Structures are given as structure tokens and as C-alpha cells.
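A, B, C and D are the chain letters, set down in written order, and residue numbers restart from 1 in every chain.
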Amino acid sequence: MLKIALLGAGRIGQVHAKAMVAGEDCRLVAIADTNAEAARNLAALVGAEQRAVDEIIEDDGIDAVLIATSTDTHSDLIERATAAGKAVLCEKPVDLSLERALKTLANAGKTGKPVMIGFNRRFDPNFAALKSAFDGGEIGRGELLSITSFDPAPPPVSYIEVSGGLFRDMMIHDFDMACWIFGSVPAQVTAHGSCLVDAGIGAAGDVDTAVVTMIWEDGRIAVVKNSRRAGYGYDQRVELLGSGGLLAAKNVLENTVEKSTAEGVVSAKPVHFFLERYMRAYEAEWSAFVEALKSNAPMPVTLRDGVAALACAEAATLSARTGAPVTITPDMTGG
Amino acid sequence: MLKIALLGAGRIGQVHAKAMVAGEDCRLVAIADTNAEAARNLAALVGAEQRAVDEIIEDDGIDAVLIATSTDTHSDLIERATAAGKAVLCEKPVDLSLERALKTLANAGKTGKPVMIGFNRRFDPNFAALKSAFDGGEIGRGELLSITSFDPAPPPVSYIEVSGGLFRDMMIHDFDMACWIFGSVPAQVTAHGSCLVDAGIGAAGDVDTAVVTMIWEDGRIAVVKNSRRAGYGYDQRVELLGSGGLLAAKNVLENTVEKSTAEGVVSAKPVHFFLERYMRAYEAEWSAFVEALKSNAPMPVTLRDGVAALACAEAATLSARTGAPVTITPDMTGG
Amino acid sequence: MLKIALLGAGRIGQVHAKAMVAGEDCRLVAIADTNAEAARNLAALVGAEQRAVDEIIEDDGIDAVLIATSTDTHSDLIERATAAGKAVLCEKPVDLSLERALKTLANAGKTGKPVMIGFNRRFDPNFAALKSAFDGGEIGRGELLSITSFDPAPPPVSYIEVSGGLFRDMMIHDFDMACWIFGSVPAQVTAHGSCLVDAGIGAAGDVDTAVVTMIWEDGRIAVVKNSRRAGYGYDQRVELLGSGGLLAAKNVLENTVEKSTAEGVVSAKPVHFFLERYMRAYEAEWSAFVEALKSNAPMPVTLRDGVAALACAEAATLSARTGAPVTITPDMTGG
Amino acid sequence: MLKIALLGAGRIGQVHAKAMVAGEDCRLVAIADTNAEAARNLAALVGAEQRAVDEIIEDDGIDAVLIATSTDTHSDLIERATAAGKAVLCEKPVDLSLERALKTLANAGKTGKPVMIGFNRRFDPNFAALKSAFDGGEIGRGELLSITSFDPAPPPVSYIEVSGGLFRDMMIHDFDMACWIFGSVPAQVTAHGSCLVDAGIGAAGDVDTAVVTMIWEDGRIAVVKNSRRAGYGYDQRVELLGSGGLLAAKNVLENTVEKSTAEGVVSAKPVHFFLERYMRAYEAEWSAFVEALKSNAPMPVTLRDGVAALACAEAATLSARTGAPVTITPDMTGG
């Protein structure tokens, strides 16, 4: 029975706590948060104990920590937890600074402790089925990948201001998906972003609508489309053209009812947002982490993967500013 | 080049005239109608000549007639045309009286001239694809067939009064579909009809909503559902459960556009009515008739098929009145 | 915090135990089974205690029992539990004998304790959405209801032999769905059953493929189709034609991936069987039971509903034997 | 009755000849081709006369010419026909050289005769329905447009060599679609092309897989994806995200049959290629041309539109070579 501690009792920490309960081979024993009361409340709900971060990291009885604190603390906590001999599952992104993330990659690497980055979408049953069909050769060689990822509504501008920008905060998921599906990091990224949804986002120096083209060494192409607002729900689709056909993962709808009237045929909308869409993915992510720990297998998403996605985000941020393509060099992804 | 005459210049006659134009190995040379002006107008449009029925039947230069007159004249015209050595394509139903239709079957049979009945749905590309997949063994043995056939809106009561009733007028298509798909005539029919759409239809002694269960000798089952009103368009679907799976022919929609908004995902309706849905079927029906004539092959839909569908309709009409199942005996379908 | 006991630790009992864990306002404290070890094992898993049925029924500390024992014990246990002052949630069917079920209805009624029957499908999010749209007037008056309910594969003949037959064992769900959707009991039922899937089922005196037509007093019609085998999974669909349109609840698919190749466009199958399809429904059913208990509200599915479905099943069984329609009289449904 | 002449009796000329027959207010009277026999054969089929190009252009009895000759003759023929007082419907592209096309725009403009460019996709019922819903305000302001356009199989390399390259030959349709839907010409184009399908295409200096991002002055974005090979048929989809929702035009499938077996649910493929998909569009295009001529209304697709699409293609070709975005200046589109 693995003993787990959760650092961060905010929204995403609560999601993970709930996902963990569903598992069987581990127990959530301690929760820390800068807001001690939030930690206490969540701890009471799931039968864990509220503790301080330092206590947790120094406690040899704890096998692994799940880092769900604010992004600016991720690198530090990864380094401290691995140095203390703990396995880590850290929420994305590793850091807002690629430079800092690369240092964390080096430091955590020296400890030999496993670090997994929480790219939950890889564990969505639909995307996982697409990846598995592709890896099984069902459409031959991959050629052209398209990822559509629209949020239902933009976050408040205050969130935008500390988010690192759309490419690091939102599209980082899609960069990881593209690298995961194609099995490697692109050679080049070209980005374009516009502010079409909320002028406040533009005033904060960010974009809310963006298209990025990623090119691999051998010519394969991925296109990622992001918008902060799709009035109809959370639009999360992947489409991959291969030499032998096309694989497409469609949206998950709220229900399967269709109404036909003189006005047309109406189906349900996509499920509203990431909790509805990805709860099963969080559970599967958690199982995969525990499974890898127990069997001493490589993590299904590595810290290096987290750095690679961040490198793409950094390149895209730069390209969107200059208009020119940005090359992703080996040193940007940890060599 | 086959020379064809059209008897009946009404709505369905015009459809056939248009379908014929699309073909290449035949020419529509003459059109007759009790309303000579209607015949003249249609003739002008398609480059044919307006003539009297008798003239046409006596004209040895005419190879085939298409009978699209009122139902009460079908039997007579089939008998006269075949007696005069002509091939016939006659609109459904053969007759409103099964007894009369059986006599026509006997009489036309003696002439040896081919008679095809216009069950256009067999030629719909979707239903034809379903039949072909089933005959190709793609779902094994057939077990349970379902036919949904709803009109967009009820006809005027004046039409109902001379229609022979829902089972003979509307469901006859579905009876033919069921016999065609299963390749034989059912042993028994149980029908239930209600008047739910238009009280005037009930006052005229007919029903507007009906369900019929057809049972074959070996236990196979078909269920047919009819309604005179589906507010969303012409609902024409077939579903066949077999020992190895299910085949389903869905509706044809007006277009492929989907609109996603906060209100849901809206697709186009089914195409409005039989002209929109079955124009291609009428063309294919016509080609099949000409093809069979040219190659001296058996007609793809025979007069006997028309009698069998009528026998089902007669049995269903009786069953709906009594509530009891009605057996279809060999003498009801011409032995 | 309501204290619940589970009678029956078999497959369906385990499903309920798991569904209960998801709830929050109640606790499963005791489990009984004729196989004490099975009860012990399940109890250990969910943190409950293995106890004898009699002990449970006599324990005033237990608020409600969930009856998931074999069908022939349902009536007895409902009567004993309600007599002992407990609320009951009993798996379907109430009994195989309508006569016995009617007696239970009378007896349990005298105690004034609430009894809910476990018709889980009403709680499926898709069917619930259809019902809610219909009740909200979105397609006007209901006219013609169609229920398709196919199992993926037939059960062993040994199961068939004690099942009460397809109409009482399998179609009883659909009878309840039809009564629920239309809000009342039909006036008449006509059934036809065939043995097409497994000759052993026929040898055991049962059918494996069946169609039932239900007619309401005012002419509304429902058609139910059952098959013990749909090679492609669990086929569970409902379609309702109303005066203003059509509502259709489609199947839930294993995932949303579509593969397009030269062979066609392939989607995932429907989820395999009732656990996959209805786990969420079992959870919602359980919540609804607890909610009604806590707020002293009427049960969302009553014992009378269970008797009505059984009356339909009895009528269908008779009709399938005689071929004739069977009238459902008020005394068959408890007056 | 308008008298029309067809220049070019090749594949696309034959398509137009067939589309014209479906119309009613015009007659195809003459056909010219450098291969006189091809012209004679087609003329015989449709009841027209084979004549020389010069004769046709000098014949005052001819109202309009349809130019379906090889691309390098388009500009010349547009200029000569308009100078001779004829209306023109010319196949896309106007020319392979933007410079030459701009001269034609100036020259034809001076004659005042109407010139329409044959961007058939605008007349596809699905794309037209999307455009009409968008123009009707159904999803608010347009923000992000996506066009997927994959051919079923690459053409021979010999065709590629004279095609002007993927951007001028294939993607020109999509450039026009984007300009049409958004109602204006983009400010900037960034293109990336790879050779992934056929090395021979790369050897000929062209690409077979490409992504282009188009940016409008106000920040709106369009992404176009092209591939010369989608093994499953002709993939032609458009998707438009607006401030109030999403409009998506899906593919047209060969039929509506779905087969469910243990292997999954199989639907029909998209219709194979442009003839199957766009025959109705060619008919509607032709009607629109005739309608505009008869009512003296502006052409629904102008020569200026043809030049704009060509400017986008030229910019994309350059961008794909350099990697950098290319600005579209007013002088590139005729001011």
C-alpha cells in the first residue's frame, strides 16, 4: 500500500484526491496547502491528515507526492521531493520558465526518483484508443495531425495575467498530445495568435485564439487550434491522417438523445468542461502512476516530456510575436 | 431504342417522365391522360406526343407502357397492355381488390409479357445497399426486421377516402420491402391501427398510425411502423438484426451541416418527402426495367410481388379490424 | 446517516454495493447471503458486516434493506422487511407470479413503508433526458413508442429454465419503460415470440426473439423488440414519435474514435452489457432512493409500478402462446 | 433562350455539358476542342455542333462561352470572348501567373462583359448551407475557419509537373472558399508543405501535404489542410468557429447504411471524388450563371475573386519556399 501526500488543495488537487479514492493500491494520507483550512477540509473529506509541506517532504513514510500547487512552486517541489527520495506526480506545466524546467530536469534526474507530469489527456479513453489504433498500424504512417482544443469560456483576465500566456497555459496540453502521438519532438513551430474573444485578454498581452503549425524533421505536420471560447462546451478533438486512412476522436456528448422536429435534428452538446470530460482520464492517470511505481516501470509521461511540451510553448510564444518559424533545438528539450 | 408510352400525366407520371429522360436506351414517345391538356403539357415538356389510351395500346410501334393512372384502372390497363403484346411497368398498388389483382395476375400471366410493379424503394441506393450487404452474408441469417415509414404530413381526407386505407395505400411499400428483404411472403400478419393524427381520417374509417407484425413460417419477424405525420420530414428507415449483427439504413438528410451552440448540436432534417428522397430510386427503377427488357431477363419486381404485398395489406386491414392475427394462405398470393 | 443492509451478495448485489459506496448520506452496514462466505467477502470489501437475514430484519437500527436475492424470495422479503418497519429497494421483478405480487402489494401497502422496485433504466442519463424532454412538451403528445432491447449473447439454458421466460425476465424492463414514459398502463398487449438464436432455449419452452405491441386506451401504441443476441453488444434504444416530432435515445458507444479507410468508416461498438451501460444508472437509482427516504417523498418507482410491469409480462406470455391480444384489466395491476 | 458555347471537351468540359442539360433557360449549341473528334463526340451526345474556337468567338448569335480548356489558354480566351461581347464562365484557375491574371482582369473589365470563375464548391448544397447560416448570424462573428480538403489519390507526376503546384492547382479552391466565407481577402499567408505521399511529386518540385494559415486584418484566422491522398475517399469539410458557436459541413457519404458487428459499427465512406461530390454543385453553378445573365445581376463569383484566390496561392507558394509569412498587398488582388 503506497502512501501518498497531496501538495495543493485547490480545484485540481481536489480532482486528484477524488481520482485517487477510486484506486486501490495506494492511500492518500496527508494534504498540505498554504491555506491550511482548505487542506483540513479536503483531508477530512477523504480521510487524510492536514500537514505542512516540509513535514511531508521529510516524512520517510510517504512514498510519493502529488504536486498540485501553483505553477511557480512546481520546480522547487519536484527537486525537494525527489531529493528526499519520493516519487512525484506533478501537474502541468513543469514551470513557466523553460530554463528553470531544464534545471529541474537535470536535478531530479540525478536523484534517480521517478517523476511523472500530469498530462491527463493521454489517459482519456478516446485519445488513448486513437493512439493505440495508430500504434497498431491501423492507418499506416502518420502524416498530418490536427488538434482542436476550445474551452467553453475564457477565464478571468486576472488568471490570464499569471498564466504564462495561452501557449504555456492552454496549448501545452496539445503540444504534449502532438509529441506523444508522433513519438518525438517537432523540429520547428510556427504560431499565430489573435485576440478575438475578450479585449481584456489582449490588454493583458495575451491572445485568445491561436493556430500553431508543428513540423517534424521528416516532414510530418501537426496543426493545433485553440480558442478560449466555444459557446457550446468543451471542444476536444484529434484527427490524424495516415498513409492508410484517418483516425478521428470526436467529442463526448452530454447524452445520446436526438430530437427531430421541424426545426432540425438536435443532439446534446459536448460535455461542459474538463471535469466532465476528463474525470475518467484523471482516474486512469492516477492508476498508471501507481502501476508504474509498483512495477518499477518507466513513467508513462516523463519530466522530459513535460520539458519538451514547454519548449514547444516557448517556441510558439516567440513565433507568435515575430511571425517567423522557430526551430526547436536539442538543448531546448534537455539534449 | 425502346419506345415507351406513359398512361397518366399526374404527379407520379411526371416523376416517371423525368426519371426516363435520364435514361438512354429508351424514349418516351406518347402520353395519355383523361385530362388531355395535362397530357399535352407534359408531352411538350419531354418531347413526346399526346395520344389516347386506346391508340397507344393498339400501336404496335410502342414496346412498353408505364401505368401511372388512378389505382382503379391498373388491373384493366395491365391486362389490355399485355394482351396487346406490351411490357408493363405499373405503379403500386396493383389494385385495391386482392381478388381483382389475382385475376390480373392470371390473365397477364397467360400473355407471357413482362409486368413490373413500381415498388420504387427497392431501388433507393440506401435500401439497395442494405439488401446487398444482407444477401452477401454480412450479418448472417436474418431474424428481426424493422421498418419505420412516416410521412411528413397527412394527405387530405378526400384522398384518404379513395385510398383503400393506410395498409393498402401507404404500408404496401413496407410489405413489399419486408417480403423482398426476407425473400418470401410471411405466414401471418397482426395489425393494430389508431387514429391519433387527424380525427377526420378516423371519421373516414381509416387509421393514421399503425404497427404490423409479420411472422414467417420459420419464425423470422418483421415489424412495420407507419405514421401519417412526422413533423420533421419523411422518415424512412430499415433495420435488420441477423445472427451476426445489425444492418441499419438511416435517413437521408437535407445537408451535412451541423451547428453547435449553447442550445445543442443541430443537424439538418431528413429530406422532406418522397420526391426528394426517392428521385434517384425512380431513375434506378426505370433503368432496371429497361435493362430487364433489353436483356430479356426477369423483372426485378414482378406482378406476383405486387399481389403478395396486396395480400399482406388485405390481411393487415382485416387484422386491424378484428384484433386477431390473419394467416396468409397460398391462394391469397396466387399459389 | 441511513443504515442499509443488503440481502443477496451475488452479481447484482455487488453492483448495488458499489453504487452505494458512491453515495454519501447512507452507509451499507450489513450483508446477508445464503452463501455466507460470499456475504463475508463482499462485506470485507465495502466495510460492512456479514449477518443473517433474520438478524437484519429484526435489527431496529437498520433503516432500509436492498433485496437482491433470487426472485422467488422477493415477495416474502418485501413483506417481512416492511412489516419490520424497514424501507425497501427490491430488484426487479417483484415475483414470477402476478398473483403473489398482488398479495405483496396489498400486504406491504398495509405497513405504510415505502417500497421501490429497481427498474434501473429509468435512471440512465439518456433515457432520463428523453423522458424529461417529452414531459417538457418538446415533441407534443406521445403517439408511437419503440423500444429496442437486445442482449449481447444469450444466457445459459439453465438460467432460462428458472427465469420465468423472456417476457418476465428480460422484457419486463421494457414494459416498465413504456408505462413510465406514457405515464400509465396499457389496455392491451399482443405478443409474438420465436426461437431463432438458441434451439436450447426453445427446448426449455422459451423464446429468444420477441415483439410486443402495447395499446393504450386512447390509441397510443408502443412496440417492444427483444433479442437475446446482438453480436455487436448491448443494444438499448428508445424512440418516441409525438405530435410535434421524434425523440430518440441512441446507444452509448465504447469510445468516440472513428477510423476511415478504404473499407469504410468504423466507429466503436455499443458498450458491452448492462454493467458498462447502466453503472451510472445504478448510482442514480440509489441516490434517488436515499433522496426519497430522506425527504419522505414518494418513491420514484413504486411497488405498484413493479406489479404493472409484471401484469404486462403475464399478458404477453399468454398472448405469445395463443396469438390473440390480451386485455389488461384493473385487477391485474392492483386496482 | 441563351445560346452557349463550350470551349474544351475534356473531362471537366463534359461535366459542364451534362450540368447544362439539366438547366432550362439556355442551350448548348456549339463545342470546340483542339481535338476536333472529342468535340464532335460530345456535341453529338448533347445535341450541339462541333465548331472552331474562332468561329464561336466571332458568332454574334452566341451569348456566352464556357471556358474549360487547358489553364494556359484561359486568360487569352477570357479576353477574346469578352472583347467579342460574350459573357464568360471560366474554369479555375484564371491563370498560373498572377501577373497575367491581373492583366486579364484589367482587359476584361474594360469590356464591361460579365466573367464568372468556376469555383464550384461555393455551390455545393452543404457549403452553401453553412455560408447561409453564417451570413444569417447563426453563430455570430466569424473567428476561426478550418478547411480540410484531401483528394482520394495523387494524380500522375506528369500532371503535377504542369499543374502550377499544389497551392495553385488544388488549394486554390480552399483559398476561394476562405475569402468567400469571410467576405474579404486575407492580409497574410503562411504556408508549409511536405512531400509525404509520393516521392515523385517531391522530385517534380512540388509538395503533396500542406497546411496554410491565413490571417485577416482584424485577426480572424483560417487554416487550410490539403493532402493528395486520403485512402477513404474525397474528404471535403469546412468548420467555422464564431463568437456564438460552430458551423461544420461534414462529408457526403456513399449511402446511409450502418453495419454493427463484433468488429464495430461500419458506415459508408465519403463519396469517391469530385464528380460524385460536386455534380449537384456544377448544376447549381450553371443555374447561378444563367440566372445572373438573365437578370443582369452581378456574377456570384467574379474574375476579381479568381484573381484573389490566385494571389493567395502565389503567396502560399512563396511562403512554403521561404518559411516566412507573406503579406498580400492590394496590388496583388487588382487594387
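What we mean here is this: a contact is a pair of C-beta atoms (placed from the backbone, for glycine too) under 8 Å apart; a residue touches a chain by one contact, two chains touch by 3 or more.
Source: prediction; values computed, not measured.
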Would you identify the chain whose Cα-based centre sits farthest away from the centre of chain D?
C
Taking each chain's centre as its mean C-alpha position, how far apart are chain A and chain D in Å?
41
Could you state the distance in Å from the CA-based centre of chain A to that of chain B?
58
I need the residues of chain A touching at least two other chains; which ones are they?
230-232, 235, 244-246, 260-262, 268
Which of line, ring, star, complete or other matches the graph of chains that touch?
complete
Chain D residues touching chain C in their complex are 230-233, 235, 253, 260-270
Residues of chain D touching chain B in the complex:
125-126, 129-130, 133, 138-139, 244-252, 254-262, 268
Contacting residues of chain C [partner chain B, same complex]:
141, 143-144, 146, 148, 150, 190, 192, 194-197, 209, 211, 213, 215, 219-221, 223, 225, 227, 229-232, 235, 241, 243-246, 323-325
